[in-house]
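The structure is given below, and queries will be raised subsequently.
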């Protein structure tokens, strides 16, 4: 009997029958997250409903030396929740209670499986909302947001998950339940944990900051003949000292897809649209709107629309927020990329992407958070055509190279996961990565928590670089990989 | 199952929060995304196992995922194909087969249904016993509405005032037998709004139950018969007041796509939901005040399958004095879903409770919906909650139910709100 | 070779220490004056080879914070790491060396209409010092603390390893965020040599709305914090336990004047609107004895009462100041306060505020006070493990941090 089988038998000590999945047909439905390019059928899936159950499962994993992976709603785009065939997949989708709403202190305590949008829906009537808003907010879980340090369209003004999470209860990779609070003295382990992509443990309870609903929100849609015009407008808006809540841009191909999917009704003939959202006190927003309107016109906008109602605002956003999945309407397959460049390098990088399209004969649709230089090129291909997938991969990788060349990052919000770990060494030196590994080793010396993610070569803790000899027992038993 | 349709799914997960079974159980294989993955497994050669059939059967077919999907996955087509495959390849237990056989031998046939009314009324008292024999039988007994006085509709009702349109009316099996007053109200509303209403006497089941359960041949037979009946009636438009029937009739061209002649005839049939039709037509008759608070429930087959959401709300909101309230989680199915409450009684009951709770939370006096299945389901759940709470105090667990047509009818005829609907759980 | 010789040969100016170089009373033997990250790395390699205990120092404004180091052989003075490496105004990003002072950074950024939205705690404070101490001032209510503005960091570890994380783009989730880990770590994990920050445009206009109240009602503070007028800061100042409390709210933006009127309405008739901050704004309320009382925003008035009551009981004169909006208060005590009474005060306030989830931490205390600086520390076990990985020989500011790390 394999180690995993022995462990699985003992799961019944912790969980009822309904919460342990071993049937192969069922297991396969968990074989990937939002990134379908990488698949692995988990060895066993558990659906716990308390921190204690997670801790008990993790202690079993620790005891048997079996790797485990946490999964929320499975919407991640970097394969961060890709299961291990030799491991346990711990799914938090049944832990979805909102435990406490504390308006006087502007915070809410939720379980990790609660969806991002559910928090806002729970407090909207009281005039509050949860600020980070990834495009998948109606389904992505807070636990996943914490793991990925998710952003969203509005993080230009409001920041990321890490700026809005005040406290986390987590299960450490050795199965201990620990609380990290912003108020605690000591190292900012809360900040280090957020965005660690499940490699430092599993969040079991999250306290988030609630933000006051702005007095007013103005959403502007500006249509340009081309991307350059939109780019000029973005630079001028930032240059004018305005920090909008969001500045989003879509190119012609992305508009076409969104139009096909949700009939968003963007201006016809637009080579690029800019969505600018301004929020805050009336007096500020009115002034900023006048400026943005002037700037867009000067930059060559041929049509400017302002959402007059919540419905119109939602309609403008619908096109943008559905853009990723909508690309499925115009292409059989595609890769979503997530590079970042300094905003001022956007024109050069976009020109570079154009050159890549020509060189490889592969179409790229561009959707991006223009305000912070976060590009989401959608590399389109037909997986039925032999070799096109590889071509698309190549284009995708070259786009990341462009980002790194311009002082940017290989991921702005989707995370490194399994998909981009191989690019990490292009962005970081060996010393950088070794230093990050120190954190990993402090939390997870056995390397059981989501192994194979984030880092290109999972170096084993306690090992001194350069003096590796023979095969490590963990490698031999298939629990770790070395390259 | 068409692999091309399966490929449309990009695994984004946007469908998950709208799926009733995912909302209940939080499991991937009981979500649309997971079910598509199961279908993909089958396409790749995995046979239909009990487990696979179970998860596919557990789909309510509410199509909320179709509304939510940004990639345009045709889940409605996929699940119909999948159900047909399950019916064909999967051997069900004898008990399952018996229940399914009984339902399909009963519900599509009005005369058989009529014969069932008395035994069903009796059976409600036998509920605990039936539940023990088989939960499906228990569910059937619980859902049964109180016997209604039969209403016979004439083959033609003339428009009041100048004629603005001629329409046909589908009377529906369950609607016709258990809720005849809804058909009567529909006819009056249409007539008052200036329509000649033709009611073909020999129309049978539209085939909805069969279609949504993967009984393909049966569905085609019913579809052809219904098309022929309305062709004979020579009407411009067929008005349907039952959401499930409307959605399946709108699908006839697809159902009959392998028979080009029939597909063409199907396409020529203009089918409209009552509310959809009335909004297109525009109001003519005077709306009298109807001071009542209404919680409007989106029937899945109306909201998701037909995309009709704003029209019923528009019609209701236009009634002077009517206070229209939204139900939380309005996109989530109530668990009725055609035959679902009969085949998956446990899940249906959980969903019904969830929905009834949210309906009661609105504090509305009247629950309005456009589907008899929903009304039966939510009424049963509310009744259960009432019994569980051990109280029949006013405002607690007590809600009257009505069809959109009945509310309009009351307003058009200047009837008091008290005339509307029956109290869920009154056991009248 | 001796440490002296190695240090002399490492390519960086190293001078013998004087009494003025003492760290919280502990005199070092040498002071190194590196000019680059590579210099720091070279010095650190020498320190590693000779097992020297190292403390990094900026302008020294907060060097006395925390318990004294157990050992201190070498001080790395960042005064020559004083270059603003890059101000990419179009990207709202600046990259600086750790020894750059807040004042000079402010000047450079202001020249192009921008700022770093973190208040400097004292004149001359360096960026590195502010990060190591996890500084935050009034603007924290709106913008968070220094960790929230930090987007990239370069550090040198105890063994001389140079590592960076983050970068110079605002949005970036590649790899672990070492910046967060090093911010507020009191120099116990390594030395911050460079930092990149996200910036904000300088506000077009600013107004401070200030009122003096006998004791602020929690409802007033909550209504200010909950106001959609977007205040940038909500500060209180109470010079003594029997003194009234000054509440001052900052609004920033083109329409600051207009919004200030609305804030004034909320605060009552006596509130005054000014174009300049009150004199005490963004200054620490104490020097040699300084405490931090953090907790939930709704507990602020309760904390004020606890502080006043304990001060009365022990005959102390605490000066309380801080962000009522964020629930983050500082308490200064006169240097001549009786050490035993100060210790009793720390213990009593710590215990009483803990009931509502508050944490009292001592930032600076004279040695004579002899009370634990930190109080209860959650997750200390994990912190120890982090320290052991980064600095297994305990040579980085040993003993200066929680749990004696």
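First chain written, first letter: the chains are A, B and C, and each begins at residue 1.
As a working rule, a contact is a pair of C-beta atoms (placed from the backbone, for glycine too) under 8 Å apart; a residue touches a chain by one contact, two chains touch by 3 or more.
The structure displayed is predicted, hence computed values, not measured ones.
Identification of common neighbours of chain A and chain B yields an empty set.
Summarising the inter-chain layout, the chain whose CA centre lies farthest from the centre of chain A is B. Centres computed as Cα averages put chain A at a distance of 39 Å from chain B.
In this assembly, the C-alpha centroid of chain B lies 63 Å from the C-alpha centroid of chain C. Rounded to a whole number, the gap between the C-alpha centres of chain A and chain C is 31 angstrom.
The touching residues of chain A, counted against chain C in their complex, run 102-107, 127, 148-149, 151, 155-156, 159-160, 162-163, 172, 176, 178-181, 183-192, 194-196, 212-215, 235, 238-239, 241-243, 280-281, 283-284, 286-288, 340-344, 369, 372-374, 407-416, 420, 424, 427-429, 431-436, 438-443, 454. Listing the residues of chain A that touch chain B in their complex gives 21, 23, 25-26, 28-34, 36, 47, 73-75, 91, 93-94, 96, 113, 115, 136, 138-140, 260-262, 322, 324-326, 328-329, 332. Chain B meets chain A in the complex at residues 7-8, 10-14, 16-17, 25-29, 33-34, 37-38, 41, 46, 49, 51-52, 55, 69-72. Those residues of chain C lying in contact with chain A across their complex are 88, 90-93, 113, 134, 144, 147-148, 155, 157, 161-165, 167-178, 180-181, 183-185, 189, 200-202, 204, 218, 222, 225-230, 253-255, 258-259, 294-298, 327, 357-359, 361, 374-375, 377-383, 385-390, 401-403.
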